[in-house]
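Letters A, B, C, D, E and F mark the chains in the order given here, with residues in each chain numbered from 1 onward.
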Amino acid sequence: MKGESPQLKVENTPVCRNAEIDSFSPLNLVSRMSQPEEKFDRLETGIPGLDSMLDGGFSEGRVVLVLGEPGSGKTILCSQYLYHGAVRKNEKTIFIGMNEQKSRFVQEMSGLGMDFVNLEKSGTFAYIDATEIRRIPEEAKVGRIPVGGRELSLVNLMDMIQEAIEKYSPKRIVVDSISDLVFRYPKLEERRPIILDLVESLQSTKATCLMTSELLSTGEGRMIQPEEYLAEGVVIMRTLPKGIRSIQILKMRGSKVDTHARPYVINDQGLQVYVTEEIY
Amino acid sequence: MKGESPQLKVENTPVCRNAEIDSFSPLNLVSRMSQPEEKFDRLETGIPGLDSMLDGGFSEGRVVLVLGEPGSGKTILCSQYLYHGAVRKNEKTIFIGMNEQKSRFVQEMSGLGMDFVNLEKSGTFAYIDATEIRRIPEEAKVGRIPVGGRELSLVNLMDMIQEAIEKYSPKRIVVDSISDLVFRYPKLEERRPIILDLVESLQSTKATCLMTSELLSTGEGRMIQPEEYLAEGVVIMRTLPKGIRSIQILKMRGSKVDTHARPYVINDQGLQVYVTEEIY
Amino acid sequence: MKGESPQLKVENTPVCRNAEIDSFSPLNLVSRMSQPEEKFDRLETGIPGLDSMLDGGFSEGRVVLVLGEPGSGKTILCSQYLYHGAVRKNEKTIFIGMNEQKSRFVQEMSGLGMDFVNLEKSGTFAYIDATEIRRIPEEAKVGRIPVGGRELSLVNLMDMIQEAIEKYSPKRIVVDSISDLVFRYPKLEERRPIILDLVESLQSTKATCLMTSELLSTGEGRMIQPEEYLAEGVVIMRTLPKGIRSIQILKMRGSKVDTHARPYVINDQGLQVYVTEEIY
Amino acid sequence: MKGESPQLKVENTPVCRNAEIDSFSPLNLVSRMSQPEEKFDRLETGIPGLDSMLDGGFSEGRVVLVLGEPGSGKTILCSQYLYHGAVRKNEKTIFIGMNEQKSRFVQEMSGLGMDFVNLEKSGTFAYIDATEIRRIPEEAKVGRIPVGGRELSLVNLMDMIQEAIEKYSPKRIVVDSISDLVFRYPKLEERRPIILDLVESLQSTKATCLMTSELLSTGEGRMIQPEEYLAEGVVIMRTLPKGIRSIQILKMRGSKVDTHARPYVINDQGLQVYVTEEIY
Amino acid sequence: MKGESPQLKVENTPVCRNAEIDSFSPLNLVSRMSQPEEKFDRLETGIPGLDSMLDGGFSEGRVVLVLGEPGSGKTILCSQYLYHGAVRKNEKTIFIGMNEQKSRFVQEMSGLGMDFVNLEKSGTFAYIDATEIRRIPEEAKVGRIPVGGRELSLVNLMDMIQEAIEKYSPKRIVVDSISDLVFRYPKLEERRPIILDLVESLQSTKATCLMTSELLSTGEGRMIQPEEYLAEGVVIMRTLPKGIRSIQILKMRGSKVDTHARPYVINDQGLQVYVTEEIY
Amino acid sequence: MKGESPQLKVENTPVCRNAEIDSFSPLNLVSRMSQPEEKFDRLETGIPGLDSMLDGGFSEGRVVLVLGEPGSGKTILCSQYLYHGAVRKNEKTIFIGMNEQKSRFVQEMSGLGMDFVNLEKSGTFAYIDATEIRRIPEEAKVGRIPVGGRELSLVNLMDMIQEAIEKYSPKRIVVDSISDLVFRYPKLEERRPIILDLVESLQSTKATCLMTSELLSTGEGRMIQPEEYLAEGVVIMRTLPKGIRSIQILKMRGSKVDTHARPYVINDQGLQVYVTEEIY
């Protein structure tokens, strides 16, 4: 491990499982795993292509941010992740929905071939309706003590998470999305600790958690959002000007991942990632 | 649905109805539907080309944002959507106009071959003049209680929507536009709940609703506007520097749509989209 | 008008009057009129090339924004529009000048071959000197009631317009420019209703009105200014980095216009637009 | 002057005096004068190439903004303009210097071959040292009335201009620069009337006036500064990334000018513009 | 050393140790050392390729900023730097962790082949858990004196550093990261002295220190962050749009370094830099 | 000097001393001196290549801003400038250090072959440690009068300069850097007079002065900083994305300089500029 200048040694850089590398070029200088990694267990997403990028799936116990543009399929990705765990692995899963009520969620996912009604009956899925949280007024009272509505929102969400954990002991959790909570704190110095609290609250569940968030701007030169630093992993989903959808893993603590931007489509079976295609 | 790396399989990716794909390239990696989708009913727009992009029309019961630059034809698109429903499907339709009075609207659409006067007589169309809402002063009173003018605007608009629903039971609703209401709230943390209230108010009507909004900037790198996240669908209409008009579906919950940017023209029959042409 | 995917049919897309289309390409996908439009009367500008772009002229009774960079010729365009109406059509015309006094205006236009002195004598032209409005101090009094200077400015301008209408019954009105008035309101939520008041005040005259405004920034990615949404038409005039002048019709309610950016020059007969040339 | 679509007619577009046009292309679509213009007298700058761009010189009685990056030679251009008038035309000239004291000015211009000491003796040049104005403290008193320091600055500058006029009756005036005065007003709604007051104060002198100002940013997409709209002419001087200097006339009321960006150098005789060279 | 214009003399520009230069071009005009530098001792990082870029390692006693995007491997780089010192040089090392607790850190680095548990036992490594610092509330009390929570954070961190020094006399220190501390001061004029205090506190330890910080934006045109000026060295780590990782040494006081951007990967042995590859 | 359109006359444009111009192209349209300039004495920097760009050195008595990115070598450039004067010309020189203490400065420059310890003994160099100035708290007292800490900083710095002058009568002065002082004034209208005071204080010394400042952003389109306008010369030092270092003289009052951006390296003899190489 001394300071020798390494040559690009193709033969020492094994490819991802299921991925083909046609030619080796500087563009392929993405980090890949040399050896199967045994330290962290992986939770497959079941999303074709994405597990390859993730070197098998999300690392167990991590809190991962799914950051995307409008319509990029953040909710679908998260739902597939839960559905796969529940159906294929018989894992307990929870969806904490801040954006839409259960009926809309169920209906929409049904259209993508995911039957969450039956999963719920079987006990492997629960939908926590947290849409009320974003309605909590700016000023509220806990007993006789006035509390800012936004602090209350956060406390409520964390309580929901806590209750859900105690009740279900889930292995997979989704929070969709944190944006309403986060945007209540316009100042960066206030926003960071809120996100941090949320991330640590999720970490303490020992489940493998996805939380979604809204991208603030399009284009390549953009402000980095604080949740990208505070989460342990970041998946970014965008629509390029021509209309191609692009998914990229910006960060994944404890994993050796494919950091290339890859095209994906949303069809009637949900997301499908083309891991051997380049985007630019 | 396991984590296999999918190859691009052209033969498994059926084309849109009425659309031709000349050659398969990464640029064609837009999401298309494999199978006719039966879960949501579609409401045809009657706009040539656009229904193809939408996989048949807007999904029933959804609230869709039509976001566009000045002069991009947001109002025309919405009017065609209503007109088509009223004339061809005999559906009840409502236009809630915040930007212009009924007479101007009627005159202009008449020039595009849409006779809303007769529709109104036939009972399939109603124009709700909501232009007064944007004049409500900053300070107002409800009885003896002082109310901020902007809160009053919102309440008024929602009441109008509610009344219209009770009176007409419309199947198609247009709100054109939400910008005057929204821009009264310069802070993001205030603007989000207002838009959310409006979207949910529209959702509760069970009608399929379009609401228009003004794009804040031109160019590819732009701030994403909060209404793009809060609506269930987003259609964006722009004029490219050379003068070509471009329409793109950024988002459509519950639908598999063509996310390519496509050129369109406005002629004396309204909008016409060239779904087999690429823009860039 | 059903959802068929239209092919680009060159033979169904008649050219503008006086315009030649050399070759049909996606770049020519600008909206053009299929049939002579009879619903709105047109007011010719008399500016070579511009009437072609406008499909004959400005639509009667519309309020059009002329938005341009410094030195782009906004005032010249407006003056030609008035002059043409007065000289060729014997229409009554009014120029409400907020930027310069009558003598400077008259002298400058005389250098471009327009003799407004004689027009004035003949009764077809009036110059309303509104330069005092931009001097009204921030604090003023109407009787004993303190009024913000900027509100007073607006009221004064509207009174001037009203008076002019009653006195002259003009068919063509120019307000040059609205920027001093508008920039007194730095907040968007205040600026919008002011512009709206002005636009509606002009609409109520039944005349066909141009109002000029200053572009805030150069370059392709720019903030869209609120007046672009509130006016019924928008003509944008810019100087490209190399020094070529470009005119583009971004918006024209009730008209089918050429939305291409076109080069123009200012020579000793005023503006001249090259409608068959492309800019980029 | 009717709405005919003009063809590009090279033979009808005479070249500038002293300028050669090698080939006619859309890039040459800059506005040029067809006929010698006799309405305004021209004041030659004596700067090689610039008078060509200006169609003979600055129009008499106009107030022109010289806007430039640091080191672009704004002061040199203005000095050459004064020097040429004093030496060749025996005109009276005044330099109102807000940036540097007379001795530094004289020394520097002497290095460029301009002997302002002798001009001063001959009575055709006066240097008004206005550097004290930018030192006036934020709070000051006129008699017992407290006055904002910045208002006082403006009043002082205008008094200086007025005095100079009465004393010298100059034909050419330079104010170098207005930036210290203008930047005291960070808000646009305050800055505009200040600049306007200054411009009108200069207009009232009947002299042909240049005022310099500092460009706020580099690059093509930039905020337009309010003084660009309020002055009657704008000359912009920049240094392109590679180091080439570029001068462009953005605006010149009452003149038909070359709006192309042109390269220039600063050598030991001052500025020299290459009017037949293109920059990009 | 007189003002002669040097020619590019390839033979006088020795290459870095371990680095190959294939061809000499302007792109190779990066600063390289002519002679082995003996004034500062070097601390090898043990990261393949990086020591070459650093001309042997970090200069002893310097405080270096590691600035990077989310997921760029800032923590891994710092850990390898400590691990190499402890294992190969038997140097005492300290990691002051503000982002994650010891257990997470240890687990993650273990997955990259670094066994910090054993190092700790051997006495060459200590982990200072400083995660509590970012939880200190905005208002706190020291005795009866109210103190701003953020001032307290800073004082606490410095005390931790001081204690660690006295206890361990480390040769290598890492602070990961300073962002939570720094972002508590949104105003630049407040942020600078805080960073300065921290840098000087680290300098006073005589150890060679790395501190990490979060990059605020992506893309080439970016705001420079104040810590880049206040640290003695800056290493920047980014993910380019396609997914390639890039490391660049922007600054290294007292060293002659390779300022080229170089690609790197993160595999199961940590970072690996390709010093002979170019990035753009 | 009349308004003739000059042709590019290569034979009339003598090259810089020591510089070769391979081919004449528009890219070479940088201002160069035709004749040796005798009006201002030059102070050689001794930096290979830079004196060529400066046409012999800095003009005597000028205050020049050295503006650069982190790690660009601002301090090294300034030190070489002093060292050359002291060693080769036996001139008295002063370094006013606000960023680092004397020991660090001396050590670092020693590594670049400059022995400031001996110079100090010989009486041709003095280091003024001004690092305390940036620690002066926001609120301070002069006697019983409360003074803002930042005003005090400025007064202190000027006193230091004054004292140094009286004591040493230096011919070359460096202030490194002004940023800590300047960034205490976040508002432009406050920052300008502070910088102005400093510049004039330096001018009054009659020495030739360099002051360094921190560039606020990278990329080509950037905000121009006020010190660029207030200094008499500006040298800008940047690191291009690939890692090439670029130096450019944006401004130099009273000199005809090479305004091209030129590559440079920092090796163990300090900076070396390649004046015959182009950068882009």
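Just so we're on the same page, a contact is a pair of C-beta atoms (placed from the backbone, for glycine too) under 8 Å apart; a residue touches a chain by one contact, two chains touch by 3 or more.
Remember, predicted model here, so these are calculated numbers, not experimental data.
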Steps in the shortest chain-to-chain touch route ending at chain E and beginning at chain D: 2
Residue-number overlap at the chain D/chain F interface, same or different (half cut): different
Between chain B and chain A, distance of the C-alpha-averaged centres to the nearest whole Å: 29
Separation of chain A from chain D, taking each centre as the mean of its C-alpha atoms, in whole Å: 58
Residues of chain E engaged with two or more neighbouring chains: 220-222, 278-279
Round-the-ring chain order [start: chain D; next: chain F]: D, F, E, A, B, C
Chain E residues touching chain A - in the complex, by the definition given at the top: 18-20, 44-52, 56-57, 69-72, 80, 84, 88, 107-108, 110-111, 134-135, 179-180, 183-186, 214-222, 239, 241-245, 263-269, 272-279
Parts of chain C lying in touch with chain B, wherever the complex brings them together: 1-8, 13, 26-27, 29-35, 37, 39-40, 187-189, 192-193, 196, 219-224, 226, 228-229, 231, 233-234, 248-254, 256, 258-261, 278-280
